[in-house]
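Worksheet for the structure shown next.
Chain nomenclature is as follows: A, B, C, D and E, assigned in order of appearance, with residue numbering initiated at 1 for each chain independently.
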Amino acid sequence: MIRKIRRVSKVINKSHDKEFFHQAGTPPGTIIVDENAEQPIIFLIDYNQTDLIHKQISYPEECLNYLDTESVSWVDVQGLGSKDILHRLGQTFDLHPLILEDIVNMVERPKIEDYEEQLVIIAHMVVPNPNNGSFYSEQVSLVLGKYYVLTVQEEPEHDCFDGVRMRIDKNKGIIRRQGSDYLAYSLLDAIIDGFFPVLELYGERIDDLEEEVIVNPSQKTLQKIYQIRRELLQLRRAIWPQRDAINSLIRDGSELISDDVRIYLRDCYDHAVQVMDIVETYRELVAGLMDVYLSAISNKMNEIMKLLTVVSSIFIPLTFIAGVYGMNFNTEKSPHNMPELNWYWGYPLCLGVMALIAMSLIYFFWRRGWLTNSVNFQKDIHR
Amino acid sequence: MIRKIRRVSKVINKSHDKEFFHQAGTPPGTIIVDENAEQPIIFLIDYNQTDLIHKQISYPEECLNYLDTESVSWVDVQGLGSKDILHRLGQTFDLHPLILEDIVNMVERPKIEDYEEQLVIIAHMVVPNPNNGSFYSEQVSLVLGKYYVLTVQEEPEHDCFDGVRMRIDKNKGIIRRQGSDYLAYSLLDAIIDGFFPVLELYGERIDDLEEEVIVNPSQKTLQKIYQIRRELLQLRRAIWPQRDAINSLIRDGSELISDDVRIYLRDCYDHAVQVMDIVETYRELVAGLMDVYLSAISNKMNEIMKLLTVVSSIFIPLTFIAGVYGMNFNTEKSPHNMPELNWYWGYPLCLGVMALIAMSLIYFFWRRGWLTNSVNFQKDIHR
Amino acid sequence: MIRKIRRVSKVINKSHDKEFFHQAGTPPGTIIVDENAEQPIIFLIDYNQTDLIHKQISYPEECLNYLDTESVSWVDVQGLGSKDILHRLGQTFDLHPLILEDIVNMVERPKIEDYEEQLVIIAHMVVPNPNNGSFYSEQVSLVLGKYYVLTVQEEPEHDCFDGVRMRIDKNKGIIRRQGSDYLAYSLLDAIIDGFFPVLELYGERIDDLEEEVIVNPSQKTLQKIYQIRRELLQLRRAIWPQRDAINSLIRDGSELISDDVRIYLRDCYDHAVQVMDIVETYRELVAGLMDVYLSAISNKMNEIMKLLTVVSSIFIPLTFIAGVYGMNFNTEKSPHNMPELNWYWGYPLCLGVMALIAMSLIYFFWRRGWLTNSVNFQKDIHR
Amino acid sequence: MIRKIRRVSKVINKSHDKEFFHQAGTPPGTIIVDENAEQPIIFLIDYNQTDLIHKQISYPEECLNYLDTESVSWVDVQGLGSKDILHRLGQTFDLHPLILEDIVNMVERPKIEDYEEQLVIIAHMVVPNPNNGSFYSEQVSLVLGKYYVLTVQEEPEHDCFDGVRMRIDKNKGIIRRQGSDYLAYSLLDAIIDGFFPVLELYGERIDDLEEEVIVNPSQKTLQKIYQIRRELLQLRRAIWPQRDAINSLIRDGSELISDDVRIYLRDCYDHAVQVMDIVETYRELVAGLMDVYLSAISNKMNEIMKLLTVVSSIFIPLTFIAGVYGMNFNTEKSPHNMPELNWYWGYPLCLGVMALIAMSLIYFFWRRGWLTNSVNFQKDIHR
Amino acid sequence: MIRKIRRVSKVINKSHDKEFFHQAGTPPGTIIVDENAEQPIIFLIDYNQTDLIHKQISYPEECLNYLDTESVSWVDVQGLGSKDILHRLGQTFDLHPLILEDIVNMVERPKIEDYEEQLVIIAHMVVPNPNNGSFYSEQVSLVLGKYYVLTVQEEPEHDCFDGVRMRIDKNKGIIRRQGSDYLAYSLLDAIIDGFFPVLELYGERIDDLEEEVIVNPSQKTLQKIYQIRRELLQLRRAIWPQRDAINSLIRDGSELISDDVRIYLRDCYDHAVQVMDIVETYRELVAGLMDVYLSAISNKMNEIMKLLTVVSSIFIPLTFIAGVYGMNFNTEKSPHNMPELNWYWGYPLCLGVMALIAMSLIYFFWRRGWLTNSVNFQKDIHR
């Protein structure tokens, strides 16, 4: 089913190009590897208050010695392109088949599952894409054991864990003095905090859109509004279950998480709520923009119609008068037949009447504010 | 009441053509069989880790010998066209009259009912209909007993259980080593996972619609949007209670389901939540498309009005001037009467004035961006 | 206050014409009888597995002998037009003053109240009105005692209990073998199931409206949409609290209802949920129709404007040209003054130019699809 | 802060004109009296099953003798214009400073607070204003003690307690046989029931609006819709917390309320729910009216545009033809130059062609239903 | 992460101009000080029933002597511009690193956290900005200890604690007789009550907007509606979590808060609910205004179109007639060729026919109410 989920997800995300070929009806827990995916790179960081090992390894088994020692081991797998590595990973860490499926199935909904010996956290990591103001989205799976944390990332490229690595390497803050639960918290916190720069980009885009909607709304504006709406929907889908997951972790507790770290998790939860708050606020702002756009379009239409009406109302009666004096009634046959045509002041009089009519109409429109509006329109729209 | 429910459902589903004739006021538990429905076909699969029986049988009683043995029996009834068979089924499996009514009444809401000895699961199975991008929907009833699973399907045609059958036949995965509860889970999982290919089709249709709404919105687009909206409503009605049912199963537990299988059910629940998530996201996207459609229509109107206004504003004043010089004032009677008509440069001058006016208006419209917009419109709309 | 409630309700229901004159500040429990209401007719059905009495009686007291016997007594009062009968009813069944008020006050919200010795169920019965596709709505009050069920209906005309009566009379199903709680369930079930034929009518009306909105939307369509919306609102008001009431009955239990019947009530609850589901789905469909209607109107406007713009854009420039050659510049005074007028091929050339302009404009509009759209419009709208 | 709350409330209610001048930062429990408010009038009703005292008193202290006797005392204070009286009230009834603040602060949200010895109920009383179909709103505070009820009303004018007073004076119903809790219930019930006549007025206004929206929608209709919407919002704000308050009273209980009265309170709660139901239904109806209004406006526009298009499409081509034959091509210089002008049947032929064109266009428009629509429009709109 | 949160918040608030430069990946609890922020000013108020100390101090340590005495100490820090002061503050009050981060991180969501020895309240204080009818928003952190309250404000300028200071200084009310919990309550109450003057400003702005939308809606009106909507969104984000926080404080209790003060907190909670109520009501009113605006625009369009249609429908047919008599058919060649041109009464007859047509059309439009509407429009719009 993984293939299907991925495809559906593709429609929503429009960012993945991979294709899977796999038979329907596979048993649960089967790992289907996308062989085009990037080959996994594995890093091992093992530390306690005094010592630190930070190296790249080739096979999961190499970290076996570190896992059960009291020092905290962080095994970071980046990339999913090798079935072999994934199987070895499963054996090394003694993972339940469903955990492994969740890790590989990259479009899982964020969740936290407690398998007693292990706590599995499926999260979504977002990284801003400065090119188009959007973001890259990637699934990260965390497996927390007593003395280790295993993280599996979809791709090696983007990552928001640099800060945590630096704090471990440079022994900043209290991280080196704490256990694996604190490390897991730090990683989760980095993931949640990674939403803020993305939101910042959206804030800027919404600001720009507001300007555009008011100054110069066009068909393109509409597409942009729809696009942002779509992407915010996606962001919400990413953060909403993450919040629920953290909440259930705090509420239900777990043997693997100490009370001290639980206080920190509350902080992490607050940030997740804040992200959601901002996403919802942005969604409301964008919905408001849609309304503003629609009525800006209506306003424009009014201006267009006003111009047409003013021009038509002034010239159509005048043209009628000119038409009347263009009729070929024979003035010689009757004194009633348009004698004005032969008057000395006939033509000037006729022009004068026309001017008078035009003037009155212009005054009429000016009184109703149509002319000034039309003139001020350009300015008005630029504030 | 079954007839009524079916009819009401027909309005929503627009796919069933059957008619029932049955008297109001029938006691609960009465089975009303649609005699035009397809004759039931019954399959029996009985297996344990080593042995396997897979055969078609004619009457439910034939499987009596298998039901109470420790090997797992799966009795799969496809089609509802025989009252006799259904009654025998009720006797063979010792079903409560209400269970039997639920099984036959094919538009029941998905639900799970615990009758202590038996667990009844009413679910909706969807199968993609590639002809129109829509889906076939069919009710499936599962009755889980200690050593057996009974499934009753509305029609023999579509089915998403092939994967499960293959896993049993070829002894893939752990299914042959597990009990009837694992079989029930596998079937439920197959049903839920069957939603993904359907959603995939909808994803594609929404993608196409997005293109259409922006490039070439027409009355037909509107109908398509409404149609998708209607079908998503139906999908939501199918998956929403399914999710609730699975959730209540996990929460309340049941003697018939082991703890091991409950972990798998959590996975199944996650998938149901994911389906719902996607359905909701699609619904929001379609609602957004409606807005985009409406403002695309308004935009089009603006373009039309602009063209009319530009043409009218330019030619109406010119026509007026031409009209003036078409008046028949007698130039011989007075020097004031349109002396231009007799001038040497009169006509060129008149044309020149007209050209000047046209030019200024064109410049005016060009400055306000109406002309460029009109020209760019076609391109703009194709992105 | 009853009068007020009725009046308010009238505004919503638009079906009652009765007027009450009663003083404000009456104590709770006072019965105010609408003397224009129909005189009550009382039926008594008393049955056990072997015997059956089914007769019409004149006064409530006549059934006193039957109430405390183990055989089940169903007293069915139809019509509310006699204060005397209602008071006797209260005494015969020993009803709390508030129960009596609830029974008489015919626009109460559906609810279930447990008075230990008696269980009072206030429900709304709907009966389809085939004349206009709408429904009659009537309040039914059920009082369940140990060995009896009392039902009070607003009017003797419509009723959905015929099925239950027939099952008792003909001893069909298990009803004669069960107690009063099963009878109460059967009646409640008949009430809930009575919603389905009404919903069926609405389904048909919505189907017709869909056709109408797409093929030929008019002001009348709008009124129909609003009307259906209004009536669905009313249906929802009737079924929503009914569902809650049944749910609370299942959840909280009552001494008067046996466990066996509770299983049947779950079925009844499922049907109520299904009714609500369908009502909500219909409401969404109607809301969708409103959107479709609005944009169909906009589309129509676009078509109208297109026609106007095409006609104007083609003929206004041509008229201008004709106007130019209608000017009376004196061709004899100057060779510049419209020499074309005296050319041999002048007129054909002029017509040719006009034809060329018209052709180019038609081509321009054809390219933009305005002409084909206009032509296809009629077809398009009929699908 | 009271001043601020009042002002804010004024914006919503638009009915109060009072102004307060009071310093920010006053301690909680401070009483700020609006000295322009009406001077308090105090009534004392003391009754038991046999005796009744009903008199106006000048100072709260006068009722001290009655408060602790077993007979029920109802002290009704109308008007808030005297700080002195309010202070004495506080002392006489031994009120917590916060209670006194709540009583005086007349825009409090409805709520119920349990101070063990006393139960404080802050409610909103509405009285219909038949002049404009709106309502007067007034805060009423009830303090329930063991043997007394204190009510404080904002103004002496409107009041919905007359029914209760009459029942006490004339010894109707059971009120004289019951304790202070029953009196409190009766007053609360009168307040809730007072919403029904107000809702009745709104029902009528909505009915009228429906008529107006369909028959003759204008700018004024829009304002009325907005006005009703605003007032219903206000009604909802009044009844919603009232319902919650009664509910919490029933659920949490209170020493001061006997079980018998609690049954009556359930009835009162039902009425509050009913009021809310109707308010919500009205709100939905009004929202529906807005949609109908908007599309009625669009429909009108369509009719206008149709007329313009019909007139223009028929006459513009004809005018063009007339313009062609008004050109001054010299027929003597060439046989190609409009020979029709000199034909014997030229003019009739020309008129005939024009008539033909007009006819075809009229037929074309008639076929598309534009003419009949235009003609039927007036009728259509009057149904 | 603080920098990011601030930036995101800036987009929403549009009021902060500060910039932070800080590395990603900092450990939790790190304080990042904006060195451009204002230097902290610290006030110490220490009081009991008889004595009072109120002075400005330079360093947090100066108040160490007062913190553990039974007299209540209020330390008020205004401004965040010094990392040193903040660190000393942390040491003096023995604050958990996360508390310190919350205090400094000025865009935290309002919340209440219980650290057993200390209760931390993060709140948002709003102060009306009379210049533009908007408000200044500032975070205030309260730390409640056994004998002290620490408040940290973002800026020294605006503040709503003057009332509390005055009550302490002048010994008004009961504040001097109460403990630190009552002080904390008083401050929280002052913060909540500070929302009312802000809401009052919004009430006035909405009133003005209502007037504007009906009398003279323009593009600018739209921007104002959007602006208010945006600011109300922000207000809601400030008050919503504040309410939740107070509620959880009342519900969960805390050792530091006495039962007496809890009663006062209920009052504070009521006010928060009231603020939220008003914000929601305003939001609904503004949403209603948007609808009114949109239909006012549509109404305007209708008026414009009516004028155009009236003018065109009257003059286009007349111009056609004039055009017919302007054709140059040779009257001498045939008696059928426009003999009217040579009639004695030809021209008057022609004018008469034109006048008749014009009159009928005017009558037709007058009957449909288009003319009166057009004339009344101006008045109508001013009510």
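Methods note: a contact is a pair of C-beta atoms (placed from the backbone, for glycine too) under 8 Å apart; a residue touches a chain by one contact, two chains touch by 3 or more.
Note that the coordinates shown come from a computational prediction; the quantities given were computed from them, not determined experimentally.
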Checklist entry - Common contacts of chain B and chain E? => result A
Checklist entry - Where chain D and chain E touch, do the two copies share over half of their residue numbers, giving same, or under half, giving different? => result different
Checklist entry - Taking each chain's centre as the mean of its CA atoms, how far is chain A from chain B in angstrom? => result 25
Next on the checklist: On a C-alpha centroid basis, what's the spacing between chain B and chain D, in Å?
Outcome noted: 41
Checklist entry - At which residue positions does chain B touch at least two other chains? => result 294, 298, 301, 305, 308, 312, 316, 319, 323, 326-328, 338
Checklist entry - What kind of graph do the touching chains make: line, ring, star, complete, other? => result ring
Next on the checklist: So in the complex, the part of chain E that touches chain A is made up of which residues?
Outcome noted: 1, 4-5, 7-8, 10-12, 23-30, 96, 98, 101, 108-109, 111, 113, 218-220, 222-223, 226, 229-230, 233-234, 237, 290, 293-294, 297-298, 300-301, 304-305, 307-308, 311-312, 315-316, 318-319, 322-323, 325-328, 331, 338, 340-348, 350-351, 378
Next on the checklist: Can you tell me which positions in chain C touch chain B when the two form their complex?
Outcome noted: 160, 162-167, 172-175, 186, 189-190, 193, 196-197, 199-200, 203-204, 206-207, 214, 263-264, 266-267, 270-271, 273-274, 277-278, 281, 284-285, 288-289, 291-292, 294-296, 298-299, 301-302, 305-306, 308-309, 312-313, 316-317, 319-320, 323-324, 326-330, 333-334, 336-338, 368, 373, 380-381, 383
